[in-house]
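As C-alpha cells, here come the structures.
Two complexes come next, and they have one chain in common, chain A, joined by chain B in the first and chain C in the second.
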Partner chain A sequence: MKKQSKVVQYNKWGYIFLLPFMIVYIVFQLIPLISTIYNSFFENYRVGLQQIGPNFIGIQNYVQLFSTPDIWQYLANTMIMWIMGFIPQILVSLLLGAWFTNPSLRLKGQQFFKTVIYLPNLIMASAFAMLFFTLFSNEGPINSMLVGAGFFAENYKWLSHTLSARSLVALMNFLMWFGNTTILLMSGMLGIDPSLYEAAEVDGASSTQIFYKITLPLLRPILIYVMITSLIGGLQMFDVPQILTNGTGDPARTTMTLIMYLNKHLYSKNFGLGGALSVFLFVVTAILSILVFRINNATEKKN
Partner chain B sequence: MNNKEESNFGRTTKVIGCYIVLILITIICLFWFYLLFVNASRSNSELSSGGFTMLFSTHALDNWNNLVHGTLPILYGLRNSVFVAACTAILSVYFSTMTAYAIHAYDFKLKKYVYAFILAVMMIPTQVTVLGFLQLIDKMKMDDSFIPLIVPSIAAPITFFYMKQYMDSTLSISLVEAARIDGAGEFRIFNTIVFPLMKPAIAVQIIFTFVTSWNNYFVPALVLHTDKKKTLPILIAQLRSADWLKFDMGQVYMMIAFSIAPVIIVYLILSRFIVGGVSLGGVKE
Partner chain C sequence: MKNLARKALAVMMAAAMTVPMVACGGSTETATDTAAPAEEAAETTTEEAAAPAESTIPADAHILNIYAWNEEYKSRMEAHYPGYETLSATEGKIGDTYVKWNITPSDDNAYQNNLDETLLKQADAADNDKIDIFLVEADYALKYVDTDYTMSMADLGIDGDMADQYEYTKQIVTDSNGNLKGSSWQACSAGLIYNREAAKEVLGSDDPADVQAAVANWDKSAETAQKMAAAGYTMCSVNDTYRTYSNNVSGKWVQDDKIVLDPNMEKWIDDSKALVDAGAEDTDDLWGDDWAKGKTPEGKVFCYFGPAWFFNFCLDADKEGTIANQGGWGFCEGPQSYYWGGTWICAATGTDDADLVADIIKTMTTDKAVLKDIATQDQDCVNSKSVLAELAGSDEGNMALLGGQNPYAQLAAGAEGIDLSNLSSYDQGCNEELQGAMKNYFEGNQTKEEALDAFYKAVIEKYPNLSK
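For the complex of A and B:
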C-alpha cells in the first residue's frame, strides 16, 4: 500500500518535467496559431499611413486570396521548383544508397563521400544563395568560364530567364538535400534482411533485378516518408529564392514561392490576407503530416 | 573458371564506374565552395577583370580588413549569431531531454495523449504561426530582442523525438530506481544521472540545433531591426538588397566565406559523429 502511493508520488514528476515544454509550446506556438487563424477573418491592413480595420469580414480574406491568380501561380512555382530538385535528389540518393550498401561492390572511402555529400545541408541557405547569385551574375565567374570554354558566345543572364532561374533554385535544393536523403535511404537499405539478397543470388537474380524486385518494394515506406517530408519542406521554400532574387521572385514572379508571398504580407502588415495564407499552408501541411504519421505507425507495427 | 574471371572483370569495371560517378558528385558538391574561397582571396580589380580562375590570389587579408572596417556590422553579426545559436542549442537540448525523460520514466494519466500530441505537432512549420507570433511578441514588448528567438526553442518536438528514441534504447529504469533507494531527489537524478548518460545524443543535437539556429533567416529577419542586433543571415540578405554593383566583390565573397566557414570547420572535425547522428535519428526534416 505504502509502495503504491510512493509510485504515484513519483509520477507527478512526469507533469513537472513536462511543464517547461508545455508552457513554452502553448505561449509561443499554440496561441500564435490561434491568433493567426483569428486574424484571417478580419480586414486589417495599411494604405500608406492609414490603418484599415481590424473589422470582422468573415471569409472575405479567403475569397480574395483564392480568387486572385497570384496564389495559384506561387503554389505552381513552389511545386515546380520542388519537383525539379526532388526528382534528381531521389534518383541520385537511391543510386548512391544502393552502391554504398551493396556488399559485392565493397566501395572504399564511403565515410569520405558521405561527409562530402552531407556538407551542403549544413551550409547557411542564405549564404549559399548569395554565393550562387554572385557566381552566376552576368559578369560572374561561371559566365566567364562558359564563355571562355566556348559553350556560350556571350554572357548568359541566368536570373532573367524563367527556366534557368528556377533551375538554379532547384540545383541548390538538390545539393542541400540529396546527402541527407542518401543517408536516410541507406539506413533503410541496411535494415533489409540480407538473407533475402542471398536467396535471390542463389536463384540467379542479377543485381538490377534484385534492386527492382527486392530493394525498391521493401523501401517503399521510407521512400514515401522521404517524399512527404521533402514536400513539407518544399512548401516552406524561402531562403534560397528570396536571397537569389532579392525577394522579387523574378523573372516575372516565376520563382516567387508561397512563403515569400507570406513574407510580403508580413512586411506590409496585411494581417488579414497573411492570416488566410498561413491557415491555407497550415491545413496543407497538417494533411501531409497526418500521412507521415500514418506511415510511421504502419512501419512501427510491422517491426 | 572462365566464368569467374569474367564476373571479376565485370565487377572491376562496375566499381571503376561507381568511383567515377562518386568523384563527379564530389566535384559538384565542393566546386562552389572552392570557388568561393578562391574568390575571397582575390581583389576587386582581379575579380572584375580576371573572370574565372581556380587559383588562389593574395588579397584575402585585404578583403578581410576592408570588410571589418566597412559599413556592415559583421563583428556584431558574428557575436549575435554565436550568442543566439549557443543559447538556443543549450536550452533546446536540455529541455527536450527533460521532456523526453518525463514521457520515458513516468507513468501518468495524460502521458499517452501528451506523447501523441507532440508527435502530431512535430511537422508544423514555424512559418504558419509566425503572424500570430509577431503580434504576440509585439504585445509582450519583445520586438527587436533575442528572447523570442531563443526561448521558444525550449519546445522543440524534433529534438525531443530524437532524445526519446535514444532514451528508449539506452536508459533503463532500474538505474533510476537504484538512485531513488539511495535517497536522491527526482530533479537531482535527472541532472546528475540521466542527463550525463545521454551525452552522445546530446552532442549530436547540440550541433544540429546550433547549426539550424546559425543558419536561420526567416524569423530573425522579421524580429530584429536594429543594425547592431542583426545576425549574419540578415546581414547577407542586406548585402544582396544593397546596390551590389557598388560593392567591392572581394568583400562580398569574404563575407559569404566568413558566414559559412565556422560551420564547415566544425563539420570537418566532427563529421563522423554528425553523419552517424543523421542515420541514428531517422527523422530530421
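For the complex of A and C:
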C-alpha cells in the first residue's frame, strides 16, 4: 500500500512540472490555433474605421484564396528561397562539423570559431536585413566596390532582379543559420562511438570513406531533425524578405513569402482571409513534416 | 549550502518562466490570428517608445494627449505656442495641463494602426487616456474626418476664424455633410526644386523663369529630361513626378466601390516608362538613400518635386557639402500645379479639454503673428493668404538654400489653383500601390498589363470591399 502511494506522489510531481509547458502551450498555441480555424469561416475586416462583419460565410475565404494561382506562387517562392539557403547551409555545416569533431586534425582556436560562426544568429533578423539593404542598395558599398574593381560597368540593381533578390534572402538565411546547424551536427557527431572510427582506421578506411560510411548514416536522426526544424522555419520565412524588399516582395512579388502575404491582409485587419491562409500554412507544414518523418522511418526499418 | 543555492536557482528559473506569462496575459485579447503576436509586439514597442520610463508627469496631473507620426508639429508647438513648456522629449506643459506626445512613425501604417485602436476605445477610456488632438495627412484625412471620431470646428467655436486659410486646405477636411473638421497651418502647394548648377550647364540659365519655360508642360519637361540624360544628369525619380499627375485627375480613385484608373495616371505610367527606358529618370523609392543622393552635387540629379516643407525638412541644409548648404537650389512651378502633404490638426470626439484644444488649433493655424513666425523661422509655407502675400513682397521671404530666391509668390499662386474635388478616402492605398506596382513595369520585370493586375490585386488586399 505504502509503496503504491509513493508512486502516485511521484506522478503528481511529474504533472506539476509539466504544467508550465502545458499552460504556455494551451494559451499561446492551442487556443490561437483553434480560434484561427474558427475565424477563417467569417467575413471580418475593417475599411477605414468601419468594421465589416464578422459574418459567417462558410468556406468563401478558402474559395477566394484558391481562385488565383498566387498562393501557389508564394509557396513556391518560399520553398525556392529556403532550398537556396538550406543546401549550402547543410553542406558547410557538415564540413565544419566534421573538421571540428575530427581529433586527428587538432584544430586550434575551436572555441573562438564556434562562437564566431554562431554570432550572425544573435543579430536581429530585421537589423541584419537592414544592413544588407544598405550594403546592396544601388549606390551602396558593394556596388561601388564591384564597379570600382571593374566587374560591372554600372551599378547593378540587386533588388530589382528575381535571381539576385532571392539569392540575397537565401544568403542571409544561410549566414544566420549555418552556425546553429554546425553546433547541432557537431553534437550528433560527438555522440558517435569513437571505437567505430578507430576500427575503420585500423581497417585502412580513408577519411572520405569514414565520413560517408560511418558519420553520415549514424547522423541521420540529427540530420532529419535539422531538416524538419529548418523546413518549418523556412515556411515561416518573413522578417528577412519583408525588411529587404520593404514589404513589397518585389521584383514582381517573386520574393513574397506566405507570411508576407498574410501580413498584407493585416492592413485591413482581414482576420477571415488571414485565418484561411494560416490554416493553409498549417496544413502544408503538417503534410511536409509527416512526409519527412515517414521517409525517415521507412529507411530506418529497411536498415 | 550547495543545496540551498540549487533550490534558489530552481525557484528563480521557475519564476523566470511564469513572469513573462503573466506579463503577456494582459495583451492577448487580440490573439485571434497566428500573425497577431507580431502585431502585438509592434504595439508594445511603440508604446514603450512613446512612454519613457522616467516620466515627469505627476500621478494626479491632468493630461492632454496628442497623437502624431513625427516631431514636426511638436517642434512647432514648442517654438510657437505661447506658454508651452518643454519637460522632456515626449512631454510638455501648458499652464496646469501636462501635454503627452504619442509619436508613432507612419512606416508600415503603424501610426494609423495605433490611432485606430485607440480611437475605437475612446468612449470607454479614462479622461487622461483619451486622445485630445491627433494629426492626419491629406491622403487619408477623409478616413477620420468622415466619421464621428472627429469634432467639427463649429462645435469648437473657431470656424469663424478661418477665412484667411486657403480653400483647398478646408476641402480636404470637410466631411460628406459639409462640416469642417480640421485645420492646418500649412499650405502645401508644390513645385519643382531644381539644381542651379545643372540648369546653368544644360539649359544655359538658372533663372526661375527660364527653367520654368523648359518644364512648362510634360512634353517640354520630357525634352529637358533627355537633355539632362545626355549631360550625365538624372532628371528625377518617377516617384517624384507622381503627385503632380495624381493631383490633376478627372475622377476619384474609387467610384461605386470600383477602382478607376484615371487617364492622367495612365499618362504618368507611359511618360515615366519612356523616360526610364531613355535613362533620363530613375525608379528610386522616395526617402531612400538612392533617392537622397541628389541632395549633394555628386548625386547628379536635376530636380526634386516638392512643396515648402521639403525645403527645410528634406534637403539637409544644415549638412556640409549638400546643395542646400551652398544655396544651390532654385524653385519654379513645374509642369502642372499640385500640392503634396501637409498636416491637419483634428480634435478627437470625447476630448476632456475642448477649450484648450480649440485654443491650440486657433493659435497654431489662424493667428497671423504665429504663422508669420513659423514661415520665417521654419521656412514653412503657411496657410494664410495675407501672410504669404506679405512675405512675397518682402526680403523676409528670401531663402538661403534657394540662393536667396523668394518662392512665396509662386507658392501662393499655386495654393489658390489647387482643386481637390477628386479626393477619396482610398487615396493613400491606391497611390502607394500604383507606385509600387509600376516599379516592376519600369524596370522591365513585368508588362504593363501584368503590373496593372498586380496593382488591382494589391489594392483589393488593402480594401477587401473594392473590386476592379
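Some observations on this one:
Everything that follows uses one rule, which is that the second predicted complex is superposed on the first by the 247 of 303 C-alpha atoms of A that agree within 3 Å, B and C clash if a C-alpha of one lies under 4 Å from a C-alpha of the other, contacts with A are read in each partner's own complex, and residues count from 1 in each chain.
Here is the rule we go by: a residue touches a chain if its C-beta (ideal position, glycine included) is under 8 Å from a C-beta of that chain, and two chains touch if they have at least 3 such contacts.
Bear in mind the structure is a predicted one, so any value in this text is a computation, not a measurement.
Once chain A of one complex is fitted onto chain A of the other, the partner contacts of A:Lys157 are limited to chain C, with no touch recorded for chain B.
If you count the residues of chain A touched by chain B and by chain C, you find the higher number for B. In the superposed model, A:Met130 lies in contact with chain B only, and not with chain C. In the superposition on chain A, contact is made by A:Pro32 with both chain B and chain C. Contacts of A:Arg253 after superposition on the shared chain: chain C is touched, whereas chain B is not.
When the shared chain is aligned, no partner comes close enough to touch A:Ala165: not chain B, not chain C.
By the document's definition of touching, both partners, chain B and chain C, reach A:Gly274. Of the two partner chains, chain C is the only one that A:Lys264 touches; chain B does not reach it.
In the superposed pair of complexes, A:Leu122 makes contact with chain B only, with no contact to chain C.
In the superposition on chain A, A:Leu49 contacts chain C only, with no contact to chain B.
In the superposition on chain A, the residues of chain A touched by chain B in one structure and by chain C in the other are 20, 24, 27-28, 31-33, 35-36, 39, 134, 139, 246-247, 259, 262-263, 266-267, 271, 274-275, 278, 281. Residue ranges on chain A touching chain C, taken from their complex, read 20, 23-24, 27-28, 31-33, 35-36, 39, 45-50, 52, 68, 70, 134, 137-140, 157, 160-162, 246-248, 250-253, 259, 262-268, 270-271, 273-275, 278, 281. In the complex of the two chains, the chain B residues touching chain A come out as 11, 14-15, 18-19, 21-22, 25-26, 28-30, 32-33, 35-36, 39, 48, 51-53, 95-96, 98-99, 101-103, 105-108, 110-111, 114, 118-136, 148, 151-152, 154-155, 160, 180, 186, 190, 211, 214-215, 217-218, 222, 232-233, 236-237, 239-241, 249, 252-253, 256, 259-260, 263-264, 267-268, 271-272, 274-275, 278-279, 282-285. The touching residues of chain A, counted against chain B in their complex, run 7, 10-18, 20-22, 24-25, 27-29, 31-36, 38-39, 92, 95-96, 99, 104-107, 111, 113-120, 122-128, 130-135, 139, 141-145, 148, 175, 179-180, 183-184, 186-187, 229, 232-233, 235-236, 238-239, 242-243, 246-247, 259, 262-263, 266-267, 271, 274-275, 278-279, 281-282, 285-286, 288-289, 292-293. Taken together, the chain C residues at the contact with chain A in this complex read 14, 17-18, 21, 24-25, 28, 31-36, 38-39, 108-109, 116, 119-120, 143-144, 147, 149, 283-285, 288-290, 293, 425, 429, 436, 439-440, 443, 445-446, 450-451, 454, 457-458, 461-465.
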